[in-house]
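Across the two complexes that follow, chain A remains constant while its partner is chain B and subsequently chain C.
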Partner chain A sequence: MEQLMKEDSKNVQTEYLLEVRGLKKYFDVSEGLFKKRKSFVRAVDNIDFFVKPGETLGIVGESGCGKSTTGNLIMQLLDKTEGEIIFEGVDLGKLSGEKLRRKRAEIQMIFQDPFSSLNPRMRVFDIIAEPLKTHHVAKGKELENQVYELMDVVGLDRSYARRYPHEFSGGQRQRIGIARALALKPKLIICDEPVSALDVSIQSQILNLMAKLQKEFNLTYIFIAHGLPAVKHISDRIAVMYLGKIVEITTKEKLFDQPLHPYTEGLLSAVPIPDPTLRDKKNRIIIEGDMPSPANPPSGCRFHPRCPYAQERCKIEEPKLVEEQQDHFVACHFPLEEGHGILLDK
Partner chain B sequence: MTTDTILEVKDLKTYFYTENGVIPSVDGVTFDIKKGETIAIVGESGSGKSVTSLSIMGLVGSPGKVAGGEILFEGKDITKISKREMRKLRGNEIAMIFQEPLTSLNPLFTVGNQISESIRLHQKASKEEAKKIAIEMLKKVGIPRAEKIYSSHPHLLSGGMRQRVMIAMALSCNPKLLIADEPTTALDVTIQAQILELMRNLSRENDTSIMLITHDLGVVAEMVDKVIVMYAGQVVEHTDVYTLFKDPKHPYTKGLLDSTPKIHELKEELQSIEGTVPPPGSIPVGCRFNTRCPYATEKCFSETPELTEVSPNHQVRCWLHEEGEVAI
Partner chain C sequence: MAANPQTTTGTGPVATPISKSPSAFKRWFRLLLKSKTGTVGLIIVLTVILISIFAKQLAPHDPNQINPAMMLKPPVWMDGGSADYILGTDNLGRDILSRIIFGSQISLAVGISAVVLAGVIGVFVGLVAGYYGGIIDNILMRLVDSFLAIPTILFALVILSIFGPSVPTLIVVLGITNWVQYARLVRGEVLSIKEREFVKAAKSIGVRDNQIILRHLLPNVISPFIVISTLSVATTIILEASLSFLGLGIQPPTISWGGILSDGRDYIATSWWLATFPGLAITITVLGIIFLGDWLRDVLDPRANNGR
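Take a look at the complex of A and B:
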């Protein structure tokens, strides 16, 4: 009963907007004759994190690290294997039916590919209006007004309302996607690689727009990307994922200045710096090898086969995510004492 | 022409003849590459950078064709030679690697089969010799268990491995010029670092010239000697990499640099260039950048600027610099 009252009251005061506890997602893979042999791909394997209201949490990692799966799990697009996703104090896994639908409207998503995430047979107006209709927010003249207002907010000319998605460039399509995500006045927006498919000059337009909207509507973002530059620009805190695990999570400043995890250090070092005068001064750490398959992750610390500092213990014992310094969590038996960051103007 | 110039592109025009009229994808591009030099062609989608490289490789397909200009490879105009001669050159003297290594490898043949094919074709090697050279190349590009990978099919390899195979294939005949079209765009950043390091070492060891086509100014800053910035089919700025980053002259170049996130600075401001690249076929009169340029004057909308030298080895196509130095 208490739980129910909490859900319905609009002013739940928790420290975190979203809290993820022990989240796991294993995908079944069947192999062999008659698909008898079963194995699992551990896409997300026991992760914990929280997001405070109004902040942006970046999630970075390379392909196959589980960052997009994490986004889809929070969005309830995938069923979790285990764990809790607590949004405004309510475990979304315990909700169903109308209650889940209502709660879910407060979490929206912006997708990577603005070319395939918009229905090609719907006009811009209908794309933006769809969530408003589905959730019975507005109709008739009021619906029209709301759609046009959303178009203004994201910088789309009202005269484009009757056009189809293919008539737009990538950047403009992403604006349509953002308008649609904003329609239901969500609290949390999960942005899955929102700028990766765009040209540099357009990327910055979209990033600046997102920052503006965040202030204007007091939004909270989870910004998922493989590109560190974009993540750094928009995030307050950043989580680094590797093979289904969070290996490090801290504020942007700490992560870029003094990473504690060897993978983070290598990841930072791998990013090309747009300044030719630094090319020879740069402390280049190249991580050898490829990411192993998540179906068959290495024993102990999952990064140990590629880690330049790996020791015997790393092969056997899996490190836990611990608060090594204040607000600085790392999953490593031997956190770096002098990790090489890449900030020059600290 | 000096002897150490490997490639000279003069006033190259590649047009596409479509039902909706002629589309000038590359419109009067001029540059050269010296032996051992790495240059970058930078620009956004639709700038004509990829069509420029395909023109050099003689791979522009119908309805497009090289409509004017010269491409001199070691002094010989390769736009005028027969298809047969071009085939001899391509893959042998000039090699190319593409953005998506999965689609550029034939899924039906083993990796080894595909690498040794070009070695046998161009070097007249026997099957066994070709295999030996191919395995050596695979080892050279850092592929572990090269013998096993030699007999694997492409789908079994990761993206980074496939790109290494592409590089091994491209370098198997010791080309004088390697054209790399967005070679690392589809790869993860740690793998990108590996591939870039590999390309740097190979060009240093073999004195191979590299023409890198990219939109990533970070990669440009780390890799190249000279930069050509393209916009809507034309070169808008052309200079060495240090000058370009320190003292960009064209408003478009400046816009690109300002909108590139500075990963090494905490307090950065991200600026953007308003609008988008005009679609080919609706190119504005006057300067092609005028619709997006914050400094555009009346003249920019009526008269077309030429690529002019503002200081030694620094060319810009912009009316602002007509009478010497202007701060932008």
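Take a look at the complex of A and C:
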């Protein structure tokens, strides 16, 4: 039986590069010597989404909403509590040891902090060469060539190869990190707030580089950020997370034109609009208060204590993520009407 | 105090050329000249090592030659001193200078080997406990705790009286009593470093655990280890002296600084030179090692030129 099922799942051709089903991550924070109080932080609580090959999925939400945890779970850096992470039709959770090591190489990560993501005691050359050496992709002269090619691709001067990370600026360090992520020719790259630690002037350079690389190598990105402006340009689709849940997921255009979830509306209000005439017309929705603790989430809809439109039902019943419109999923009992969006500049 | 500002800031003329980084050796040498204490440390340590190698040639007397006629002679510059015995003689008329020269061999060998042994065990345990965490960490750290609970001297006495005092036993005993501090130190460092993103990056690349420990963790925990271990060479030499004093350290006729020091303790009130000169030898050597350790830490850190 099991054998059959395994065969079956192998043969299923999916149109998705990555599919996440019912993913949960609870961190045990039980206190006391005798474990009297069992409590968990529900960092990621039952989320589903998929990523198509070649697209960029933005994941947006406040700090602590579980977006980085999601990234780490996909990367297999954390063990999930429950759920499936299916990459190219293979459930990564069922792989272990050497197989996982190989498969995982097809997913790479670009990190938020370019200062802690590079080993201060390794030279640039060795940092970029490490993935190639680890998977025995190349040796000697060939290795050297590949490293230099990667440096060219991300716009680093070849003469930097023998330097240490501390000799570089944040933007250049991030380029080193990108080169390292590209080395194994991954299919999926998880970008965990890759530009939020950089100067604004450098941010767009790095984003442009990433967009260029996506075209060049047919990459798929999961782009994690805490605000919509950061993912606006690069994303095809955007998932909005709140307190461990996905509250809305749809294409960028639909999300900006017609958000269905009040939280998305709040995030959109926070997007700065350069044109003052447009800005004045818009009602600004300010979400008040702080995000509740994921250790003790509110009943019903998790957003209800901060939601300007909350009603009695929201306190009791938890809304499910449903396809309200085509390709537009939302988890809200009372989705917004039209006219809450903002105009998306080209 | 009256340091020349040009030498202390000292970046200008020796700044790294832009196009190529200097070879490791050149960089070391440059850093050595830049650091006055490092130079002093290196000179002291090299001198002590040379003295211990050429002890036979350098010592004016046989260090174990008892000469009843020359008992408790003061150093040469004092009344009753003799040019034959520059640093005086001990209660058996043995030449102190010769004894110190020969003592350097054992003291250095024991001090350094014990610290190296302790360092190897401690760093390994600390890396493994810190990196893997969980049950492994718990078991190893409880082991460390239990070692900490045993008084060092008592433990050393028990082991030495069971196996008999000899230089190798002494090294092993001192090594085993010392490794716990490195284990704790290294584990603490690893706990903070393993959360840094470059370790996550290495994991996502698929680097194996042993390689992560070797290439990413070890180089980043080595600095505090070097500082502590150089200090520890000092305490080890002194611990060896205590054990010799208790009669379970280096056995005569083998000479160690600790042994000379404890021999001289009974005469400290009347003939101060018996204990003072070996003590001075220990102090100077230890200082040299510490200076050298500081410089070594800087050399191993690629950021040394910029500070941080």
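Just so it is clear, the second predicted complex is superposed on the first by the 319 of 346 C-alpha atoms of A that agree within 3 Å, B and C clash if a C-alpha of one lies under 4 Å from a C-alpha of the other, contacts with A are read in each partner's own complex, and residues count from 1 in each chain.
Note that in this section contacts are C-beta pairs under 8 Å (C-beta built on N, C-alpha and C of every residue); 3 or more make two chains touch, one makes a residue touch a chain.
Because the structure is predicted, anything quoted here is derived from the model rather than measured.
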| item | value |
| --- | --- |
| Room on chain A for both chain B and chain C (clash or fit) | fit |
| Touching partner for A:P120 - first (chain B), second (chain C), both, neither | second |
| Which superposed partner A:E130 touches (first chain B, second chain C, both, neither) | second |
| First, second, both or neither for A:A43, with chain B first and chain C second | neither |
| Partner chain in contact with A:L57 - chain B first, chain C second, else both or neither | neither |
| Touching partner for A:R180 - first (chain B), second (chain C), both, neither | second |
| Which of chain B and chain C A:L77 touches, first, second, both or neither | second |
| Which of chain B and chain C A:A105 touches, first, second, both or neither | second |
| First (chain B), second (chain C), both or neither touched by A:L243 | neither |
| Chain B versus chain C as contact partner of A:A225, first or second or both or neither | neither |
| Partner, of chain C and chain B, that touches more residues belonging to chain A | B |
| Minimum C-alpha spacing, chains overlaid - chain B and chain C, in Å | 5 |
| In the complex with chain A, residue positions of chain C that touch it | 19-21, 196-198, 200-208, 211, 215-216, 219-220, 301-303, 306, 308 |
| Complex interface listing, chain B residues touching chain A | 44-45, 158-161, 188-194, 196-197, 215-222, 241-242, 245-246, 255-268, 270-274, 276-277 |
| In the complex with chain B, residue positions of chain A that touch it | 62-63, 169, 171-172, 199-205, 207-208, 226-230, 232-233, 252-253, 256-257, 266-279, 282, 284, 286-288, 290-291, 342-346 |
| Chain C-facing residues of chain A, complex | 72, 75-77, 101-102, 104-105, 107-109, 111-113, 116-122, 130-131, 134-135, 159, 162-164, 166-167, 177, 180, 184 |
